[in-house]
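Each chain carries a letter (A, B, C and D) given by its place in the written order, and its residues are counted from 1.
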Amino acid sequence: MCRFLAYRGDPVFMEELVCAPCHSLVHQSLHAEEAKTGTNGDGFGIGWYAARPEPGVYRELRPAWSDENLRSLCSQVRSGLFFAHVRAATGTATTRANCHPFVHGQWMFMHNGQIGGYQAVRRKLEALIPDELYENRGGTTDSEAIFLAALADGLAEDPVGAMARTVARVTAMMAEAKVREALRFTAALTDGENLYAFRWASDGKPATLYWRDHGDRLVIVSEPLDRAEPGWQEVPRSCVLMARKGASASLECMDQALSRAAA
Amino acid sequence: MCRFLAYRGDPVFMEELVCAPCHSLVHQSLHAEEAKTGTNGDGFGIGWYAARPEPGVYRELRPAWSDENLRSLCSQVRSGLFFAHVRAATGTATTRANCHPFVHGQWMFMHNGQIGGYQAVRRKLEALIPDELYENRGGTTDSEAIFLAALADGLAEDPVGAMARTVARVTAMMAEAKVREALRFTAALTDGENLYAFRWASDGKPATLYWRDHGDRLVIVSEPLDRAEPGWQEVPRSCVLMARKGASASLECMDQALSRAAA
Amino acid sequence: MCRFLAYRGDPVFMEELVCAPCHSLVHQSLHAEEAKTGTNGDGFGIGWYAARPEPGVYRELRPAWSDENLRSLCSQVRSGLFFAHVRAATGTATTRANCHPFVHGQWMFMHNGQIGGYQAVRRKLEALIPDELYENRGGTTDSEAIFLAALADGLAEDPVGAMARTVARVTAMMAEAKVREALRFTAALTDGENLYAFRWASDGKPATLYWRDHGDRLVIVSEPLDRAEPGWQEVPRSCVLMARKGASASLECMDQALSRAAA
Amino acid sequence: MCRFLAYRGDPVFMEELVCAPCHSLVHQSLHAEEAKTGTNGDGFGIGWYAARPEPGVYRELRPAWSDENLRSLCSQVRSGLFFAHVRAATGTATTRANCHPFVHGQWMFMHNGQIGGYQAVRRKLEALIPDELYENRGGTTDSEAIFLAALADGLAEDPVGAMARTVARVTAMMAEAKVREALRFTAALTDGENLYAFRWASDGKPATLYWRDHGDRLVIVSEPLDRAEPGWQEVPRSCVLMARKGASASLECMDQALSRAAA
């Protein structure tokens, strides 16, 4: 399990959300409260859109809480759309290449969850990735593989549908391989303009996800950054939070998308 | 605060104590129970005597819990005297040079605690280290400085007395600088044959320290490795546990040594 | 391209070969003379047999020349069979998981060379690895994939034949994918008792390989450790140097094995 | 010895100078041509002014040539004043804290050179740093100590004079300690608005330094980024290149400043 944060809105210094709040993401790296693992010290990453269509990325295998570079970067860079992620590994190595977010062109993805019995379906999952995308497989995580598979599944045209199709494929693979553990998929995705956050699990127990929309500032987080501040809402299970360019955030039921995908 | 382990006895694979027990030191790096900070993820180190008078050392700034090299090393190396340490930094950077144990010639030292108001006394503390030892100052921690100062204070001839003298000096410096925080000094020291473990604090609240002596196997730890196993005893506050070559372990009151040092 | 060293013989401190000679492997990491790339600073690794059937391994992504842990380890550990490798990456990331040697059970493998047009054949190469071995794929290099594929090709029963078969398969894949670059395969393999060193390339231009056999001390290296010392011989192109347990080293033509493999 | 680059002018993406040119600083990290050490792989750093009076800093102990984060950062961040530095260590550890540039408030400093016999004068040099600045001593290099000592010597009021005074002090210390090696001081300093580059050595053999001023773009480098491009001039020995805010670059003789300092 991991903890993450996504922001869309008026450009802000990233530190305002990543480092400063009393329960900031950096604080959650050491003291997560709503996760099975309170420590998320197996690397971290931050990705932001600013000067180019492609995001900048800084990923590192040290824990976020002691990384001076992260603090400096977050105090200098202002962005209107960024992701930050602290990792608690679930079986794969602590390398930069296994840290979120993952980037492909202008797309960026991060994940909190895991594919139960990953080793049993890893081959099949990787087989969903076409050769031209497989070159971008830099690490060994289930999360990166899901992202690349979804890209092949039509992410550019239909982000939510493609994710639902990939998740449905993986769920089917797991059933076929008689995996008993669940697929847990709390995740965020963006193309630099539109933002999508997913909260779904095959056993109905996805990792937590909250959001707060002040109109000009949408924040999506694994855990509220400051419970004293009002406005935090839970993203309901099996839902997708969508924040399309120029539109305010809205919720859609993911089960519908999954049903369509499975149909 | 940190967690540590020291072993003296029949040669054993280090993994038997460092990695394998249910509450092994590696486990304590993620889930310490008797410390203010449950996570000790700011680097780690292991030092062992085997083929030479000087110990081998492996120190790394990643967390211990995910380090493949540590696991491999501990499963391969057998030693009759070794130290292991997981670090929770108290203000200085996460670098290898700031990881314990510290080594000078055949001497090895590790520390769990801190000098309150370190920045206020750092210059004076470093001034205790003579030029020929100052070359060995590779990092910036209070712990390394105490070790080098104690070496200058006659560690080779009188280990407990030298440590007491240095601790007394630092306490006096702190008083002079009007530091209100305590000096906490739970530590272990060895020359490769004799082993000394200290538990002292200027405010009477030193970090925990336990030991278990099965005759051929003396284990000293911040927290018992397995509470189900009998034989763990607390090192009393203000005491030094001494295990001289060929002799069994015994306790001495550190206050006496400190009184002598202050006299 | 990389540089490596393999040793079999009377147990010696690894530093005698890895760190001490005037053109030691650590020196070659900074000043290789017979390679296109003089700097081999993209990580390193060392694997040694001592107390167990499985080797110990220390791999790290920093350059070898500045790694204090490597120096300490090599000065402490004595082994009668060990590998050391300094890496110059050819397109894949600098992570521990991409550093040589690679280990599976009691087998250990390291490689100096590369599969030309790797991205074009990566999928097919990985498809040679059966599911039960694929779990061990921790990195993304061509070298690790060759090793795992060879394990599936019968490495345990027929090491040279299995390597030849895998190399033949990869060469065929490359031809099929119309890759014009060569497959260069200078490599070493051992099961902890028998040692095999390969020097082959599809274009007849394999990386250099030398050996020196003083009866009780067989050293195999990318570049002689000290040209002033007599006894260095070049491993001829397309040859395998074999040092079976209890036997002295001998050369066999690899083309024969490859012909048999291709037949 | 190291290699570095400083830029002042119209805001540019840092990659234009750090990564892209045929002999960019990243290229120089692997293939320096005018230095005794061709490899500068002992860490690197980049510091830039953009959104705040204080610079952002990214320092890392890996080699620059393989760092994905550096490439991403340089492709995203635009700055009108920045420093970049690749390090070849001269005796101190490879840690982030020993990587240049060093920052204090709005000041930033980087150095290519070394204090001969550093260990013999290290204590005295550190004694020049007052307590309130000593807190900022995060590493163990001579370069950081010179910077902190110069800050104490009045850097804010008289940058060139303060540097000259500190250099004069260190030279005197070296003479007193009978050090025979030279003090080599090729360095760059800025407060975010004014830029100073020094080229001096006690033996008249400072490391190389070049500059090119296209009016709106002043580039100062250890080695020209592209010899095919016209306009590179050598900074003469014993000179300071000054680029004050709103003024074009000019040269001053450093010996005069040193004479004044020594007077």
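By definition in this document, a contact is a pair of C-beta atoms (placed from the backbone, for glycine too) under 8 Å apart; a residue touches a chain by one contact, two chains touch by 3 or more.
Quantities reported herein were computed from a predicted structural model and do not represent experimental measurements.
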Counting C-beta pairs in contact for B-D and for A-D, the higher total belongs to A-D
Across the interface between the identical copies chain C and chain D, with over half of residue numbers shared counting as same and under half as different, the residues used are same
For the pair chain A and chain D, the C-alpha centroid-to-centroid distance in angstrom is 40
Multi-chain touching residues of chain C, meaning two or more other chains, are 68, 93, 96
Among line, ring, star, complete and other, the chain contact graph is complete
Chain C partner, complex, touching residues on chain A are 93, 95-97, 119-120, 122-123, 126, 131, 134-135, 137-140
Within their complex, chain A touches chain B through residues 30, 38-39, 41-42, 61-63, 65-66, 68, 89, 93-94
Per the touch rule, the chain B residues reaching chain C in their complex are 13, 48, 50-52, 55-60, 68-69, 72-73, 75-78, 96
